[in-house]
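Before I ask anything, let me first share the structure, which is written out below as structure tokens.
For reference, chains read A, B and C in written order, and residue numbers begin at 1 within each chain.
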Amino acid sequence: MRYAMAIDTLKCVGCGDCVVACQTENNVPHGYCRDWIVENVNGTYPSLDLEFRSERCNHCDNAPCVRCCPTGASHIEKGGIVVVTHDECIGCGACIQSCPYDARYQHPDGYVDKCTFCMHRVEKGQNPACVDVCPTECLHFGDLDDPNSKVSLALKNRTHKVLAPEAGTKPQLYFLT
Amino acid sequence: MKEELFVSGRNIPNIDPYLNIWHWEIPLYLFLGGLAAGLIFFAAYFVVRGKEKEMPATVKWAPMIAPIALIVGLSALFLDLSHKLYFWQLYTTIRFSSPMSWGAWTLLLITPLSMIWVASYMRDMFPKWDWKFKFLYKFEAWVISVRKPFAWVMMILALILGVYTGILLSAFNARPLWNTSILGPLFLVSGFSTGLAAAIWMSKDKNERKVLSRIDLIFIGVELFLIIHLFMGFMAGTAVATEAAALFLGGQFTISFWVFVVLLGLIFPATLETIELWGYHVPKWMPPALILFGGLMFRFVMVEAGQITRFLY
Amino acid sequence: MKTRRDFIKISTAGAGATALGFSALGAKGFSFFESDKQGPVSDEDLTPYPTYCEVCFWKCAGWTYVDKKGEIRKIIGNNDDPHCNGRLCPRGTGGVGMYYDEDRLKTPLIRETKADGTQYYRKASWDEALDLVAEKMDKLRKEHGPECLALFSHGSGGKMLTHLVKAFGTPNITAPSFAQCRGPREVAFTATFGEDVMSPERTDIRDTKCLVLIGSHIGENMHNGQIQEMSHAIENKATIITVDPRFSTAASHSKYWLPIKPATDIALLLAWIHVIINEELYDKDYIEKYAFGFDELKEHVKNNTPEWAYGITTIEPHIIRATAREMAAAAPSTLVHPGRHVTWYGDDTQRSRAIAILNALLGSWGRRGGFYNPEKVHLPTFPHPPYPKPTRSWKDAYPDNKYNLVTEVLSTGICDATIPNADLNCHLRGWIVYGTNLMASLPDQRKTLEAINNLDFLVVIDTMPMDITGYADVVLPECTYLERYDFVRTSPHREPALALRMPAVQPKYDSKPNWWIAKNLASRLGLEAYFKWDKIEDVIDWQLKQVGSSLEEMQRIGVKKFKREYDDLFWLEGLPDFEFNTNTGKIELYSTELANEEFDPIPKYTHHPEPEQGYYRLNYGRAPMHTFSRTSNNHNLWDLMDENSVWINPKVADLWEIKNNQYIWLKNQDGVVSSFPVKARVTERIRWDSVYMVHGFGHTNKKLTRAYGKGGSDSELVTRVVMDPIMGGTGMRGNFVTFILENPAKENKEDKA
């Protein structure tokens, strides 16, 4: 099993719903976020390009944050989900330094936190909160090992990219282009 | 025009707009770690070489700083943890892939051992010292009896510690400035150089100082060589690496690095040491003080600047 | 007695926002225990209560999830709801922030004047406050007649107050959603098709093959159903054509973006009509069967060639032709979207008419992929005595213009009718303002203030200390939509559906629901006969039982779908005989109604003023994560966007030496300077002749601890209003601004108060 997310940049409107939904679902404190939107504008008026990307932890296959964690707080769960066990985290910040995507933050309570792919929902067969809320349905989540999962189908039918592949982390967030 | 912005107003403390997770604590910790490593290494080295007598400051006096430096360094590290009450989790596991982990374990070993090292010379340095308990005298005798093998252990641990201070940073692929294998040797050499400087400063013996200065000059030379290589590597590297180097080549760290670290912290003291070796009078504190200052500065600059550098996507 | 109302920053005791201090050890104190609200809670441990969203007027149905401690955790869309299909928009998801906002109005407040003349708000009990309001209303009724009262009411909660003031005897009930929003479109579509577009819009975006957006910035305009359906359209590879002078999100998702010169849309529309008629691309059978005035139209547009339009719109002729052909190729599944906020330049009814005509030519009205026939459940009203018949109305303020085509009360008309003038034998003297922040929503603040200053009393019912609340004599704090029942939502859609809103938690502070306020005012005004029930649940239950449901059932399911009465969703499919509700019984390409009122029966292009040297057209719109001025203090949404910025083209920024993120001030053509500095966003997404701002920022009430002084208010810069002569809409996009780089150091009296 290998969970992944495919994000359709042709449909995303950068509304931030995925961010608010994550905030309320996971009780992310105000001023912090587990996911965020990047707006990329290229060109000169009127020949312009715009891309919105809903970004979050890439649940990397080759996760440097897990490797560098001295306590094992950062670890890989079933399906490749990278999670932090709060009670094992000492807040050394190594994992934050190691993440090329700046996907982690220090929770005001001290431990390091980040997107969990909503493991508490996924375990029960639900979608992550951000996926379920997205009004444009541009987030696809599922198991890459299952050829009929939403994410596999999305990747099969569309061109896609990952972010900073040269960082060597083997990210599992795919952006459909 | 190319424009990139966070739509969701991401403004996470210490992470946006650029990373600032590690403040003064980590560079200080790295500096003190390197310093202690240098002190311990050379103390052990001269014991192994059987030069205990000729190098009293290096072997006996200077190592007194090591446990202090280590404890202060560890305290700084502790201060930097944001979930402090869980720090003991460090010692529930050994993670070989995590420099932080083996650094923590190395420190756990080397700190008490460095104290024992110092203790074993206590009565040498302060003849009136009294251990009060008999078993302590027994223990002292045992340590003295295994001094050579002990010195070997210390040398190896010091090497690990010295390299670790650099690898801690270079293991972070995500920060292009740190992501170079030169950082390990560079930090090692720089740490050893600061250790030598401290010993030079403490030594009252002309000859000892001369020996140490000669070694130090070699280290400084190697350090400069590594720094040049570092930049050559960056310039030949990817966009993110050149961007990282740009911070030092006209960017915001240009002065602090080239003037303070390289000129004042390396070239100037090296010149002074050379002049001194030629027999001219140089204020005794000056070269080592500059080297120590340069070493500290170097770590501050590397930690600060490294956090700013990132992958572009 | 006319008192000048000082603006009062509502001051009630209570701690301000305390900064979240990190404890020295990072962990909360020394506690090894996790804090109360840590981490996610699984859905099984939460109790869902049905609601429908009140953060905008799309009214999506959802569930409010409450945890075991009685804390609201999240709001999730109801899967059965056709408005949202289980997915709320960011504002709806962030609706929790409305409930938790520590700046909320907490008690009734009464304006008092100290001996030295300074005014302040005194906390009052509900009895005291309602007694005072009733006393003022009664006095007004006795001395001037009930028609001298006006109610501004926006949002679903206003229905009870509407009922109250109708019982009281006034016809002056208004909202900023007509003259500042949909008005021109409804009038234009009614003139053309005999029916209006309604809300939610009856647009079949889901099935369309070609979607034409004229300004409608869906994606930023986050009306949920539309954005969801647009996403389906993208998935289905529909052609999207966006006409917008700004590179909107929709434009970026379109096959064609037509970067039109502002205020020239009618020229483009006429050119499209010209191409479609001249190349005989229109739906001949449809037009022949249903349309009236085709020949007049053909004659009318004969010179409106793409080349002619090019000179006006800057859109190249071959693009105009290509897009016209795309539309025709997809017809009748081509939807030229009627837009929603269409009060732009004062000839908006005519522009909307051109859009309606274009749709008619493409045959999309009544066809799949065009406009569908919505149906709603008719809930009978709870029995009450007939309302008294008013003898006067706001229209008396306009003896020259009868506004015969106006279908709703003009909010700005209420202002005009409040300012005494020789033609008015009695001006309006009392306002109740429910759920609308008039300072932000009405153009020309000076006029609004002049009207307010002529009032005997102003009552504001709101949840937050907004700009308008500072001018009230009595402030009544309503609880949020998450804490109350309201009337069941019944709105037109493909499938009729009902949605229930019920409280998920008890009202916070000393706030009360609108129905309670209305009922308790009624009993003080001798209008009990209109409120013959104890609580609103009784009314809702009674109504639901009339249509075969019940309160108990709705509490369980939240949304109930009903079968359509007729199978006529696309009622003109197959070209059946049909009589349109127009004078001719046909689709009026040539409008007899407008002709009768001596307006152009077919739209004409008129030139609008352009900014002078150094000035830029003030363009404004929506950000997907905010609703007007109401959400800017909502912590969840504030996290996403805490201030707006003014978009400036890089060439213009260069000229002015304005850097990205630099704070600047704006000054409009009438010398009005923005109250607060606004951040410059230097971006290619905007033209060099305009600037763009998201509406709803720059709050002046200090009690909004997050939103106060953040960003700029487009509203205060909209001082030039071009009235639509047909229906009184307020054209607001004819304002021009210039930049001030240094703090104009306005002396700000309010700050000293």
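To be clear about the criterion, a contact is a pair of C-beta atoms (placed from the backbone, for glycine too) under 8 Å apart; a residue touches a chain by one contact, two chains touch by 3 or more.
The model shown is predicted, which means the values in this text are computed figures rather than measured ones.
Arrangement of the chains shown, judged by which pairs touch: all-to-all, with no pair of chains left without contact. Relative to the whole-protein C-alpha centroid, the nearest chain centroid is that of A. Work out the mean CA point of subunit A and of subunit B, and you get 37 Å between them. Look at where the CA atoms of subunit B average out and do the same for subunit C: the two points lie 63 Å apart.
Residue positions 25-27, 639-641, 683-684 of subunit C each touch two or more of the other chains. Among all residues of subunit B, those that touch two or more other chains are 1, 3, 7-8, 81-84, 86.
Across the assembly, subunit A contributes 14, 16, 19, 31, 33, 41, 43-44, 52, 86, 91, 109-110 as residues in contact with two or more other chains. Interface residues of subunit B, counted against subunit C in their complex, comprise 1, 3, 7-9, 81-86.
Of all residues in subunit C, only 20, 22, 25-28, 34-35, 37-40, 42-43, 73-77, 86-90, 93-94, 96, 219-220, 222, 224, 227-228, 230-231, 234-235, 247, 249, 252-253, 257, 259, 624-625, 635-637, 639-641, 649, 683-688 touch subunit A in the complex they form.
Residues 10-11, 13-17, 19-21, 23-27, 29-31, 33, 41, 43-46, 48-50, 52, 86, 91, 108-110, 118, 120-121, 124, 126, 132-138 of subunit A are the ones that touch subunit C when the two sit in their complex. In the complex of the two chains, the subunit A residues touching subunit B come out as 14, 16, 19, 31-33, 35-44, 52, 64, 67-73, 86-94, 96-102, 104-106, 109-112, 163-164, 166-169. Subunit C contributes residues 25-27, 30, 32, 639-642, 650, 683-684 to its touches with subunit B in the complex.
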